[in-house]
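Report on the following structure.
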Amino acid sequence: MSWLARYQAVRAQSQALCAPLLPEDTVVQPMLDVSPPKWHLAHTTWFWETFLLKEYAAGYQVFHPEYAFLFNSYYNSLGSRVNRADRGTLSRPALADVLAYRAHVDGAFAKLLAAPQLLPLVFYELLELGLQHEQQHQELLATDIKYILSTSPLAPAYLVEEADERPRSAPSAASWLSVPGGIHRIGFQEEGFCFDNELAAHDVLLAPFELQNRLVTNADYLTFMAAGGYRDFRYWMGEGWDLAQAEGWEAPLYWVKKEGDWFRFTHHGLQAVELTAPVTHISFYEADAYANWAGARLPTEAEWETAARHFEAVTDGGTWLESSQFDPQPVPIDADPTQCHQLLGDCWEWTYSAYHAYPGYARAAGALGEYNGKFMVNQLVLRGGSCATPENHIRVSYRNFFHADKRWQFTGIRLARSVESTNK
Amino acid sequence: MSWLARYQAVRAQSQALCAPLLPEDTVVQPMLDVSPPKWHLAHTTWFWETFLLKEYAAGYQVFHPEYAFLFNSYYNSLGSRVNRADRGTLSRPALADVLAYRAHVDGAFAKLLAAPQLLPLVFYELLELGLQHEQQHQELLATDIKYILSTSPLAPAYLVEEADERPRSAPSAASWLSVPGGIHRIGFQEEGFCFDNELAAHDVLLAPFELQNRLVTNADYLTFMAAGGYRDFRYWMGEGWDLAQAEGWEAPLYWVKKEGDWFRFTHHGLQAVELTAPVTHISFYEADAYANWAGARLPTEAEWETAARHFEAVTDGGTWLESSQFDPQPVPIDADPTQCHQLLGDCWEWTYSAYHAYPGYARAAGALGEYNGKFMVNQLVLRGGSCATPENHIRVSYRNFFHADKRWQFTGIRLARSVESTNK
Amino acid sequence: MSWLARYQAVRAQSQALCAPLLPEDTVVQPMLDVSPPKWHLAHTTWFWETFLLKEYAAGYQVFHPEYAFLFNSYYNSLGSRVNRADRGTLSRPALADVLAYRAHVDGAFAKLLAAPQLLPLVFYELLELGLQHEQQHQELLATDIKYILSTSPLAPAYLVEEADERPRSAPSAASWLSVPGGIHRIGFQEEGFCFDNELAAHDVLLAPFELQNRLVTNADYLTFMAAGGYRDFRYWMGEGWDLAQAEGWEAPLYWVKKEGDWFRFTHHGLQAVELTAPVTHISFYEADAYANWAGARLPTEAEWETAARHFEAVTDGGTWLESSQFDPQPVPIDADPTQCHQLLGDCWEWTYSAYHAYPGYARAAGALGEYNGKFMVNQLVLRGGSCATPENHIRVSYRNFFHADKRWQFTGIRLARSVESTNK
Amino acid sequence: MSWLARYQAVRAQSQALCAPLLPEDTVVQPMLDVSPPKWHLAHTTWFWETFLLKEYAAGYQVFHPEYAFLFNSYYNSLGSRVNRADRGTLSRPALADVLAYRAHVDGAFAKLLAAPQLLPLVFYELLELGLQHEQQHQELLATDIKYILSTSPLAPAYLVEEADERPRSAPSAASWLSVPGGIHRIGFQEEGFCFDNELAAHDVLLAPFELQNRLVTNADYLTFMAAGGYRDFRYWMGEGWDLAQAEGWEAPLYWVKKEGDWFRFTHHGLQAVELTAPVTHISFYEADAYANWAGARLPTEAEWETAARHFEAVTDGGTWLESSQFDPQPVPIDADPTQCHQLLGDCWEWTYSAYHAYPGYARAAGALGEYNGKFMVNQLVLRGGSCATPENHIRVSYRNFFHADKRWQFTGIRLARSVESTNK
């Protein structure tokens, strides 16, 4: 696939995600973490313009002089910008203006990439980064759109779901799979692209441990809820407990009880809770409380990656953005209980590892040094990708990160436990 | 003019105001006081549906069961509602849905008012109230749209202004006009409609006083600014001074300095400050500070109304919503300096009177008792209407009210002063 | 009484109020409106030092160069100062330091006032103002001490109350007294001192009205509470209702229910609610809601003063600071129901008049221009003094003022009503 | 030393720390993290009463029934309690009451520990925990007292410092010391007491690294400041940069510039910045920014402990609470540059490790399960103790933890760096 074809495919995917939206849907910011869809469409375009076209496309004309102020996300290197909290107060530029901006930049890329001139190696590195960056915003688009539509009492559907004819398995117990201890190498060790935060690959010493063969399901989680999990502080981190009380949490985000039954707001409107599907939209605090209640724990990121390598996790079979399901799916009814399922796709899995720099990590020079490095404190690592991640965007070494209180991503729970008498 | 024709004219006017907007513009709420235009369009419709159609139109079908929750403004009598601060987080129902809601209600009215059956008198009272209510929201639409468009650094124009060919007068001094003291009657005493807060008409005792023959101009106000008016606490109310410092006020709302010159954001985009036009978009605090600096004071509402009756103020010649100017206009170059100008139209004039009930005021029974009465503390009265008021909406007894810090309405300054040796 | 004797008596009274306190009690600021007692003791001293000693006492040495920063309350004219919200964070200077500061200033006054030299007239005007100012802070000391002690679950008594042997009357209905309409003169018209906000005396036109012959009692108020007064928005101003909901108000400040009975925290510890005593510690919102529920209204300040002059209100018989009761007292069992009781003393009476400047009011030049004038918006007038007011501090023209939400002063309710068919 | 003697020595030390205070100083809470000294004195006493006397002292009478509500810090297991933010609003119980509470509990312990009866083993475990707990609050007392006194512009000294006659070394460069890589065991492995968060001891794999032989000095830090370290976002974590901008940080906490020179508020009043002393009162954000600027990094906690074990760190020679210096001290002028100094005492050293549970960690049952475990997210580990730590309270495995923004503890910086070509 040529660079131009890849570029155009990724760019088209972003716009396709917004196709079901009305212009009104592309403007609002119902909470700080959510950005308006037209902001995502414009910000990704600004990224291409700023880091590639302005540097490498001779004679490129900037689309609008104010857009750098409007669509810079967080790069102090690139000057002042709209306060993040104010993104949802700007009706202009309108969606049509943003689409024109996209077309302008896409035209410039078509011309640049079609030309026979030799571009320097760093250009192609930035091109790859730009594609990865736009894919990250595709995931955010999917989750932000969900949040935006959820705030209306009309519970509008983003997509009208077709009836799912697959046979549903009955809820069944998870099984524990062993992972051997010892010195393991984690971090990116393959060919191709990775983010700088996956480097340097390095050795870690692990005690042997066990991992559950699937994600925690809604059935599992309902048991926790029924057992009073949201009312018993003993399972909770202190800051999580205080937040849960202040916010009145009693179920995952998007869950509503109607006449005694639990429903979930989804991309397909309000749906009954599917028992065998993985629980999702839970904070680290909830994931951790669930694990405590279950007598288990969350894996560290080193354990997770080691297990993923040990079980030779592949993207095939996982639920990805491309499926338009926008929801994690149950393990197939005929799945092998001795295999480890759902490691890649479906839900980002909270780990009990702070998002810190790996040994040997160094921020890049220039504005792109702000891409990852400045966030490496106060957040937790999540692994494995989700049903909103483009399938070719993920790796076993991929490190996602959110604050412990965040719930609007497709986050889930994978339980681990230590093996008795280990490491003595 | 038939009731139906009046109804249709008022309803059409609201939609005409939104015609220059994009759907994106109708959604956002960049500050608490501003409501999204599509909310205004829906709320006024809900008012008609709730207070008239549900009561008097036999067989009327409510358009949507959730709309009462979505579009109730502040009526506790009518149940829970969207938090005011969250109006700008809801993308749905979309503009098209709201327009369909309007059409549904307008159709029901056309049918109801065309029918030969006799409706009770209270229906026609509510019909009149509904028209007045919708006109009030037209003024808010005009001012909220201005605020919404102003937040974008693109400074988009709501209307493209045609070149104004009228000769502009040079700035000139205002003159002082005398109003005799004694017992005067204020409050509504005419035929036709008034709001309940204009009643009961009652006598007041006034000392003789003087009023300026025109509104304070931008030229006047620039002198105040140049004299350090925004930097000298001695002119200011304490709460106003603290706010002005905290917010960094140094000019009216919407003023921006570019290369040494002051410009104003208007419905026609960014425009140079017109010296002879009335200053507008100032808080009570600024109006009061200006008056103190000028060695004068603001009139009380009793003084204002007495003067308006004394000078036989008429709406003719004022600037109104219908002009599509959306800006107060200078006194004509050939205006008589012995006459009192701009009493009606152009700018709401801050008075130094708290918005309290008149003697004998009583709240209406039922939900409409919440229309005016519950606001009768902590606000100040403004008089005379503005360039965003429909011309047939105003009276000399009309009482508008805002908190002392509000600046987004077309507010202005009329100076008064006491006559020496009065009342001794 | 000589100036020196008056000075010393007032100064001694301030310290006597603090005598029952521990040093710990003099430091804290449990809410923004409350100042630490040692701050009051120091601020009043700073006032004397700043406005009198520094100007008129030759060779006076300022006690400490930092105290002007620490103990300036709100005078912008006199430079920067401790943020009001931070008064309770400063343990130093300690109480003993503040008492030494008082002694230093008192010594300078003893020397200055004992000397035979002639001081200018303005000095004596400032001396009078200083005495009045310190008396105002005595009232605040009494109410702030109450609030401070109330925050502890130990409910400590400021004074141990002696058993009250007076016979208590049974609750009885209030009677309505008539006040004639017409032109009345209000504002200060007597000899002696008044604050600038009581001037200029001026004529007002009033319709005839009626006033209740006593304050609303706890028994009255309990009836309102039992009738659901705190749960029915129809009686409330909108901003008051929202506040009452947010704060969970269901009784006056300091009321607590224990095993089904209402008690009140007082200067004498927790006490049963005395039915015949006036209700106190209620906001304007509650006073107004009560009046609405009772089918009456609050008087305007012009009505109140006119009534007080009409009924020839005197301080004798009222409850004042000097009584050390620190609580409004019931009307005596043998009181004449045709007389108007409790107009002076016991409770500040909320009026439905905004605290605005009287006609002809002008701020004084210099720092003292900030004493009253800059507060003349957004607050309501209260009249008559309270059980925490020094008896010789009050006048029928005295204007006190607080925001509508304030409850920690000894505020009460006097009902008024218009006479039918008035003013037509 | 007998248990009783130890108990009495620790208890006496807490009170000795408060001896230089006035009652006023013991009440205030100038920021959320700071607790009033009398609260510390009471809370530690409540701990003894709750966990030991009520369980093991037959016939023990609780001192006051409300004290459990007042002095419970954060134990949800033990019921509701004063909001943490309100600790500084309570003047009662007064200091004298709290001292009486201490005497009551101390008397009960004297009786209990003098008795010949056999107490169960768990009692002695709790006794040890109580002693450690009270020592932790001694450190907080020292740092909270400093903060409390610092808020007054009078800059009062807690202790009057005696002239320090020791020769001061000139600032000199730090040297780098090597620590070998490999598998190392960290966590508590010795005899005696440790907190549960130091367990289980476990093996970690480290690459070889280097550590500086001393803490970063004020001279070093002034170089960073002079180089614009507080104005260059490239060195900073994003959340740290935003906070530093919002708060206007330009130096460590307690630093003030007077006439061009930097001074520091200390327990001995305002003092010139001593160049060779360790920099202290810096947040993790500043420590990390300094390290980035210096081309180095902070050690992980595993590196720190491994180094401390490698260099056989001892408490002797460090600066501790018992010295009453209340400030980290320079490395002696004749110190061996090939040795690693200041590992124990002087300053808590920020590590780049999140405060998470060690492998195998389990919360204790009951209320004491809330002691450590519920804080194990969102904070960073600090190691080594400080000049406010009792000397016998520390261990090389001791894990302290604070949020990244905290500055009021005696925190300092130890630089580490990776060895080139490691781990490849």
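By written order: A, B, C and D. Residues from 1 in each chain.
As a working rule, a contact is a pair of C-beta atoms (placed from the backbone, for glycine too) under 8 Å apart; a residue touches a chain by one contact, two chains touch by 3 or more.
From a predicted model like this one, the values you see are computed outputs, not experimental measurements.
Asks: At the chain A/chain D interface, shared numbers over all numbers used: above half (same) or below half (different)?
Replies: same
Asks: Quick one: which chain's Cα centre is the longest way from chain D's?
Replies: B
Asks: Approximately how many whole Å separate the CA-defined centres of chain A and chain C?
Replies: 60
Asks: Return the distance between the CA-based centres of chain B and chain C, expressed in whole Å.
Replies: Inter-chain centre distance comes to 37 Å.
Asks: Per the centroid of Cα atoms for each chain, what is the distance between chain C and chain D, given in Å?
Replies: About 47 Å separates the centre of chain C from that of chain D.
Asks: What is the shape of the graph in which nodes denote protein chains and edges denote touching chain pairs (line, ring, star, complete, other)?
Replies: Its topology is that of a ring.
Asks: Of all possible chain pairs, which ones touch?
Replies: A-B, A-D, B-C, C-D
Asks: Within their complex, state which residues of chain B touch chain A.
Replies: So the residues of chain B touching chain A come out as 22-30, 38, 66, 69-70, 86, 88-96, 148-149, 151-154, 156.
Asks: List the residues on chain B that touch chain C in their complex, please.
Replies: 74, 76-77, 183, 200, 202-205, 207, 233-234, 236-241, 284, 288, 352-354, 356-357, 359-360, 363, 369-370, 374-378, 380, 404, 418, 422-423
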